[in-house]
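In the two complexes that follow, chain A is the common piece, with chain B as its partner first and chain C second.
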Partner chain A sequence: MSSIGITVSRAEQERLRFIRWVLLLVNAAEASGVGSLQRRQFHSLLFVSFASSRFYGIEPLRQRAQRTEQGPYYRAAHIALGVLTLSGLVDLKDFRPHPSPKDVQFEGTFSATPKGLAVGRRLAETYQGELLYQFLLDLCLGTVSGVLEDKSPADSKASVSLDQVFEEDLTYRQAVARPGNQLFVEESPEDQQTPTLNGLKSIDAFLKQRTHINRKDVLSAYQTLLLRRVA
Partner chain B sequence: MRQKILLPVIGHLSVKNYALYPGVDGRGLELPFPNGVTVLAGVNGVGKTTLLNLMMRMLLGPLDRAKVDRDLSRVSDRTLIHDKKFSFFKDRVPPPLGENATATMTFHIGKTEVKVTRYMNSMELKATWINKKRQEFRTEFEFADALAALSGLSSKYDFHICVRYLQFFSEERLPALWSPGAQFEFFKMFFFDEAAAKKIDKAFAKVQNLDSEVRNRTYQLNNRRKALPPKRPTVGEEDLQRLDSAIATAEQVHKQALELFKSQQLSHSELLSRAKTADAKFDETEAKLSELLSQLQHADAAFIAQALPNLEDKLQFLMLGLGSGRGCFVCGKGGHKEALAIGRTLRGGNCFVCHSPVQGKGKSSNVEPLSAARVRQLESSVKLLKDELKAISEERDEIAKKYEGVTKHMRAIATQRADTLRRLEGLKAQRPASTSPLTDLEAEIQREQAAIDAMDVDRKRFAAEFRAAVQEARSSMDDVKEELRAKLTDYAEAFLREEVKVVYSAQDKFKIATGAGSVNVPTFQIKMTSSTHETVQERLTSDAVSESQKEFLDLAFRMAVLDIISRDSATMLVMETPEASLDSWFMLRAAGLMRHFAPSESESSRKLIATSNLNGTEMIPALLGLIDRKGRISKLAANDAEHFVNLLEVTAEAKILKDAESRERIGKELGRFINV
Partner chain C sequence: MTNAVTLAQSEIKTLASKTAEISGTPTARFSQKVVEYFNHWIDANQPSIDKGHVELDRVLILLYSQSPSKDPGIDTESLGEPERVFETSYTLSNGLTVCTENFHVMMSWIPSFKNANAALTFISEKLHVDQTFAVLYMSQQRIWLHQAGEDIEEWISNPNIIKLNRDPNQIVDPTAIIKQLEHFHKRYLEKAGGITARTLWDIHEEPKRSTLRSRPEQQIQSGLLPFLGAEFRHAGAVVDEEIHINGKRVDIRIVRASPGLPQVSTMVELKVLDPSDSQQKNIEWARSGITQADQYKVPDETDAAIACIYDARYDKSDIKTELQGYADEKVVTLLLANMEVPPPRKAKAAARVRAASLPTAPSKKAAAKKAAAKKAASLKKLATKKRA
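This part shows the complex of A and B:
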């Protein structure tokens, strides 16, 4: 293979992959009908995506969220969103700083832009990108069918439900139950079988005995179950 | 049918300078032997037997059979040896016996005249003439070969046997009629085809030699067996056999365990080798994958970077924002001056927010764009390698599983091997230890026995060959058996005056060798009446007849054979008259037959030279044909004087002659048939 002209450091590689994940997540939310995401929802959805990505054979990014009153908070996501926003790939509304004892946190509502969607399509031209987008889209679609069944994403009740469902995620609940300021999905190789993944596999095994399903259906079922728990 | 056989017939004998035979007036002995019967008369000790021996030795020289056996047939070594120390005649006279003491004999073999002079002290050849021409022979053997050739016999050995044991009927005579083997030997010599006879001799020699070796080695082996120490009483034979059987079984079991262990060891090694290969392959693939993953991650990131807006794009975006009146996204101020400030900062290669230098200043015109296809290619390669790695991993797992199984199994087999070895060694330890020499001796004895057994098989095979050769040659007797039977019958009846039936059969058993069984040989058997048997009874053995009958029947056999051999050619018989046990009646009949055998007048030269004692019997005049039917004895005619040799006149003076009474008695006896 001919050498690649651009040199990208390892740190930069991780940052770029995070940017892709974030952009594609925003695009998937848009495409699935979830629409714009508030900061809290976005970070929670990010957490849930990391917890369940292995169901699609995607290795999650090694990131830890901070434990905040507003749910999980990824500093990297903040930076990624900043890049994407400044690049015009993500639209930012209601931007305001958020009081926090450390770091700079902002509130806002994030949604996709046409340019961002175009870049997302470009990023989905690789296998990894394509798979990632597919997964994130199915996740969002599952969220839509499970949570926002008869609600509009803008509906405040729906918004609350979404937050609660995210926070009912099995891996999130496990992470929250751990002491410390960090919320992590996989701390060590032993954590690869996250509770979310196990739950998804169980649902998958259960449903496959009865009907022909795909992974999206499993994600939907999972979200529905979480919702029922919330209810 | 073989070629005609011509026997030697003595014509004249002279002896010079020999004290035993000074001759008349010390001129030496001169004895002509005319056709018909010649009597050599004397008293005991005068030298009759010595004279017969001399005549025989003049023909045969100082040669003897290499192997002497009373049974002529049981000789495998048909060779002659030269007795360099022959001193028979030398020993009979006071020493010294010079080389001037010689004997010269003239004899005929067919039409060939042979004259030979020998030294009396050794019987060595001095001079020889063939048909009056001097002929040199380097050795006795050469001369003997020449005589055999003249006679038509197969070898000098046959010539020797013929002269010594057929033509000469003396003290050292061997049984002929009463020995089936001897009969067979003569028939083979005179009547069988030469090639067949040689074949028989060769086969017999093989059997005999092997038989001799077998018997000798068996004898020695038995002696060696006796030398074995007695067996230890601690372990019985049966116990030892059981122990040996258990050892054999244990050896077998151990051998199987060992083979199984080796087989498992091989599997173990193979698996280990496969595992190592798989590990190496895994490491290699993992390294490749790692490298490729690194490349992919880099390419993936680079692709993302390419896809994302660069700094220029961001500037344009910001400018758009500013230009659209939105103002600076930080402070909200908007204006041309602010836009220029941002642009100046960016074009200077610095971030317009924190002013740190940034890469990718302006457009990256020198970098080749990374296509999605290239990234996908990398991703495919990674996937392939991952699949390959997965396959290798599965293979390793499978090998590891098998290896574990084999290792576990090997432990069990190794234990079994050790156990079987322990058991075997334990059993062997129970066996009584034998000292090295005993074991070697026993082993040697076994080997020797095996060798002897093998030779015995060969012996039987050679015996079968001999039987086949005899069977093949028996037909040679067909031409002569009837004539021979008739002649023997005539002679036997004439000698014994009893009805004799001679039966020819091929059923007589001749023992080939001790361990080689017997063979049926053609022989003649005598059946006759006696005072106690009115009908013809079978008399197979010499023990069944009287001594004198035995002798005369043997003589009758010789005469019959000589008659058949000679038919219309010359023949000669030299004998010591067996008169000791004869009564006068038999004596006359014997003499008559002997004259019948060798008539003075015959177309061919037939001679019978007989010694006889001057013992007052009528044997001598009977032999000379001087007794008429009425028993009256006439005097020997002058022209027949050569038929009677008074040895008392030509030999050294016998002590008996010193006695006047004896001299008178002898003189009276001689006076009955000669002019004294």
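This part shows the complex of A and C:
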């Protein structure tokens, strides 16, 4: 395959990486059986993915979410999902605008499409794409095994929704406790050891003393602990 | 009182019983899940099986997909709406169901097949070489497993048959594991046409010799996982998923409970000697397998470390002598096993020479070439016309 000479500006590169992250996350949700995600669930899962990606040696994208009554809201994700939906790579149902004083915000339910899955498979043929998809898939597999299929007795589990679990994320809790409208994961190199990363490392250290586990087992265990905090 | 931003030790301790989920690549995980499902199905339906209620001809096809409902991998135009099936009912035993790798979503698209032949005909006509699927022969306790890359017709005539070992008194120890690794090698890798071997090679036209495709160790690992899973039901085969991308190590750990100990594990490192590498590089690669098998032993847990070195070199010169001493020094069991190199395809040039010596009727090839030239000329004419 011959290479095509195209110059991509740095800002455009950031945007494309964000679109890739969003598409692969939608695909990972489908491939793991999590399935479709409502806007709030998707944005909070996106936050968790940025807070935990360094556990797989992946630098998170530097985007900030806005604090809203409807949970974290990424303007960049909104744009990315729009682009992907219009391209037929993501499916959008129950689309409706949200009354918001500042920005235009929308609700909806997002899920994968066959075309988007095919594009995702191509993206996962590069080194970075493969690593990113593996991480996002493991994160979603962890949502299934750690939350949806969790077998520990929890009386009020039935009423817990996925966004409640994701919003228990340690870094999210820290971000929400900070003043201001912006919710961020990393603003400076000092922030790289996010509370989520520290939590994952503690779980990893604990489990590895006992048995052989993979990183996806740690992501699963972490989400189980978040579920227990909510329930 | 829970700190919102850190995990308490008391919380983390509640995870004490957590063990590894099925591991490997997504399709290798799916294959292991198939084995697990079949075992659970037999457990759940034993009374029916004992009464002879499972027909000899009943088969279930399980097909892997990232999206069983939206992208099942089969032509659904003539099929009705699929039905969602739930794994843990363990009643699914017929037809074709498409599943995510973890069986969390299972969509039954075809409720039943008339018989096994009808199922195989369906596979032959409708499924593709690059799909991952399994055919469960419900009364035989055997699985025909198809991995991506295997030609369908070739696979049907020489399927990867995995038999479930349901012996409740089965012993899982290094001797049994080595025996199964040798068995796997014999059936799957020794001959060029072996079940896994046939997916590892690119065969070229002579005189170019066959070459190995990339990541052969990982392909072998993916073949071994369901094989060992079916043989050792009560042990877990865990792989290190973190390392597969850089390919420096490919391993399988067979973990099981042991009286008096939290657990016991046998460590297996996999290495393939590549014919396109130099002798020196191959020896270093083999040695690294022995080194890694030793390095990843866990004190008080690893009962044996095995280095499986699969020799795919063109010339199988002796390396055992050189490696055995090192393996003994590291207390690693060395399994050095040959892989036959498939012969290259016959050259087309030889066919042309043969054709040239035949009587003079215009060859089909010459006629085709003439027709192609004529078409090219008329297309050029058309293009010129358009531009004008």
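The definition used in the following text is that the second predicted complex is superposed on the first by the 216 of 231 C-alpha atoms of A that agree within 3 Å, B and C clash if a C-alpha of one lies under 4 Å from a C-alpha of the other, contacts with A are read in each partner's own complex, and residues count from 1 in each chain.
In this section, a residue touches a chain if its C-beta (ideal position, glycine included) is under 8 Å from a C-beta of that chain, and two chains touch if they have at least 3 such contacts.
All of these numbers come straight from a predicted model, not from anything done at the bench.
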item	value
Room on chain A for both chain B and chain C (clash or fit)	fit
Contacts of A:E12 with chain B and chain C, given as first, second, both or neither	first
Chain B versus chain C as contact partner of A:R20, first or second or both or neither	first
Chain B versus chain C as contact partner of A:A77, first or second or both or neither	neither
Chain B versus chain C as contact partner of A:L207, first or second or both or neither	second
First, second, both or neither for A:E125, with chain B first and chain C second	first
Centroid geometry (CA): angle chain B/chain A/chain C, rounded to a multiple of 10 degrees	80
First, second, both or neither for A:L139, with chain B first and chain C second	neither
Touching partner for A:E30 - first (chain B), second (chain C), both, neither	second
Touching partner for A:V48 - first (chain B), second (chain C), both, neither	neither
Partner, of chain C and chain B, that touches more residues belonging to chain A	C
After superposition on chain A, the shortest CA separation from chain B to chain C (Å)	9
Shared chain A surface residues [contacts with chain B and with chain C]	127
Residue ranges of chain A touching chain B (in the complex, touch as defined)	1-2, 4-6, 8, 12-13, 16-17, 19-20, 83, 86-89, 115, 119, 122-123, 125-128
Of all residues in chain B, those that touch chain A in their complex	295, 297-309, 313-314, 317-318, 329, 364, 366-368, 370, 372, 374-380, 383
Sites on chain C touched by chain A in the complex	2, 4-7, 11-16, 18-21, 23, 26, 66-67, 70-71, 100-102, 104-105, 238-242, 245, 253, 255, 262-263, 265
Chain A residues within the chain C interface of the complex	27, 30-33, 35, 91, 111-114, 117, 127, 130-131, 134, 137, 141, 144-145, 148-149, 170, 173-174, 177, 195, 198-199, 202-203, 206-207, 210-217, 220-221, 224-225, 228-229
